[in-house]
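Next, two complexes with chain A in common: one pairs it with chain B, the other with chain C.
Moving on to the complex of A and B:
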């Protein structure tokens, strides 16, 4: 059971700005294919007319993090790659991870401590068995 | 000949048991372990798996991250071969060096494919006015191990 961590993708651009050409081409050609390939992601396209903020692709994840990526002066293929990359990510912060693994049950046969595999008389009498 | 300090080696001498007795003992151990497996009386299983040029010790429901790109999409189930060791609470199955594919089955799902945190690669040469800065973000994949199963067909 796999749940995609991306909630929705919002594409904010203005139809008149010159640097949003790639965004407009993406909306015309590739947006439908992208939406069909990722059926569990909602894609909102909201053009705001007039000279407004720079064109932005905003991704919201299930844990509430919002990630914005600029799409000004990018070709339509690059936007497609960006969108797939965002769709494959989860909403965790991209910080240095200390360990590449994570377990909830680290030991199955019991964790090793210095007294495993030693004769059990050591636990009763202590480490000095023969008086030297 | 007189016994000096170097006639016998300093470690205690170990007498190996009879080969016939040892074969009987091995057969009995194998029979017991087979019985345990077929009765299903083992709890959590852990396995040592060779994956992405690294060896991992994994149990079920744990996360693993690799620094490369897998050719599977997010949400695909992957079966891991190259299992070196499988163990439970009472017994372990050690492969030489791999265990058979009809004996163990390790399944994992690809959860996410992100990039690493942006690492800065700066080359600087003092007094030569040489400075190059590059930001590297490796692609990473996160897998979650779903199940580890063993089938009773030991020999």
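Moving on to the complex of A and C:
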């Protein structure tokens, strides 16, 4: 069954800073809807008063990876899109995929080895039958 | 730190000008004093060298919300009290009581009102084993009891269950004495979760849960990786006598590089002049043993090209038998 890999989202922002305006709007308008649509993600909203670090959205996944995304000067809709993107990701590292193909069954009839299609020692080669 | 360098710099500049211009303004509204620049590297080193902490001890943690999210993530309806008891381990209760006794509380305050997960774990383990054994008996009817037991033991073994539990974030939710939680604690907790599901939703849903999380761990595994068979030839002879087929006759089918360091022999097993199985090996004995293993795989129906596991709706008969056997 499908298990969403995102465990929790922490929204760290400041209630007075100018670039956290989108984050504040998100908390006021869209955070509850987001939390209702994703009941398996725990959303923590923690405003830290006074000037502090930039507003950040921290995502923790089931395999332990923690991803932080800056949400400074982003609108509320952009934050919603970012949050849904994080919710649909798995926690695997985002690295360049070396090949765009992969298969678990590289061979259907069995991989060729030098002895396929060679008759075994036990086959007796008789004289060829002439067509009647 | 690099990401957030912009803000502290701004704050520092603001504070400098503020202090310079308004000397009489109230000091209570000033931002908290920042750490000096030369201290930051040392504090960063301290942060990196700090011992790992439980997630519950870090900021932003709500146990009730996390448990609800867990039940939604697994798409099961749990009764939350049972689930909370499932995460409580005996070592946690002992350590908590010892800590309270050390702090000098009375006897009544020392005794925790929490229940153990030992009972739930035992019930979960019994149910999981019985269900998996039934599944395998249905899917591979030719497999003998020892093979089924080996498969079930592998699926309920510590490493596998603790691996599944880790990837479902059970290690964050367990209450136990040591951190990081040892694998037997994780195994016990996961089995207790299965027991809690059994009590809340009944054997059918619990059976689907066990099927969805344990059986995919068999993908890509060979039968004889899981089941240690010492004498495959003897086992094969027993199986053939049960089916009234004569003893197999081993013959060399192909051979390559006989006089080299790496010879390859293909030995075929023939019963009444008809081929049963063929297996490769470095020496003739190894090839014969491998041929016996291939023959056993074919007889038990556990080849690599068998039909994949059927994850469609559970069969009705299973549920009824389950209910009868658990009662």
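Just so it is clear, the second predicted complex is superposed on the first by the 102 of 132 C-alpha atoms of A that agree within 3 Å, B and C clash if a C-alpha of one lies under 4 Å from a C-alpha of the other, contacts with A are read in each partner's own complex, and residues count from 1 in each chain.
Here is the rule we use: a residue touches a chain if its C-beta (ideal position, glycine included) is under 8 Å from a C-beta of that chain, and two chains touch if they have at least 3 such contacts.
Predicted model, so just to flag it, every value in this text is computed and none were measured.
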Touched partner set for A:70, first chain B, second chain C, both or neither: second
Please work out whether A:56 is in contact with chain B alone, chain C alone, both, or neither, and reply first, second, both or neither. second
First (chain B), second (chain C), both or neither: which does A:114 touch? second
If we overlay the two complexes on their shared chain A, which of chain B and chain C does A:85 touch? Say first, second, both or neither. first
In the overlaid three-chain picture, which partner chain does A:94 touch, first (chain B) or second (chain C), both, or neither? first
Chain B or chain C: which reaches more residues on chain A? C
Both chain B and chain C contact which residues of chain A? 2, 4, 104
In the complex of these two chains, what residues of chain C are touching chain A? 3-4, 6-8, 10-11, 14, 31-32, 59-60, 62, 65-66, 68-70, 72-75, 167-169, 172, 212, 220, 251-256, 264, 266, 268
Chain A residues touching chain B - in the complex, by the definition given at the top: 2, 4-5, 85, 87-90, 94-97, 100-105, 108-109
Any idea which chain A residues touch chain C in the complex? 1-4, 7-8, 10, 17, 39-42, 44, 46, 50-54, 56, 62-63, 68, 70, 104, 114-115, 118, 120-122
Touching residues (chain side chain B, partner chain A) in the complex: 43-46, 56, 58-59, 61-67, 74-75, 87-89, 109, 111-118, 142
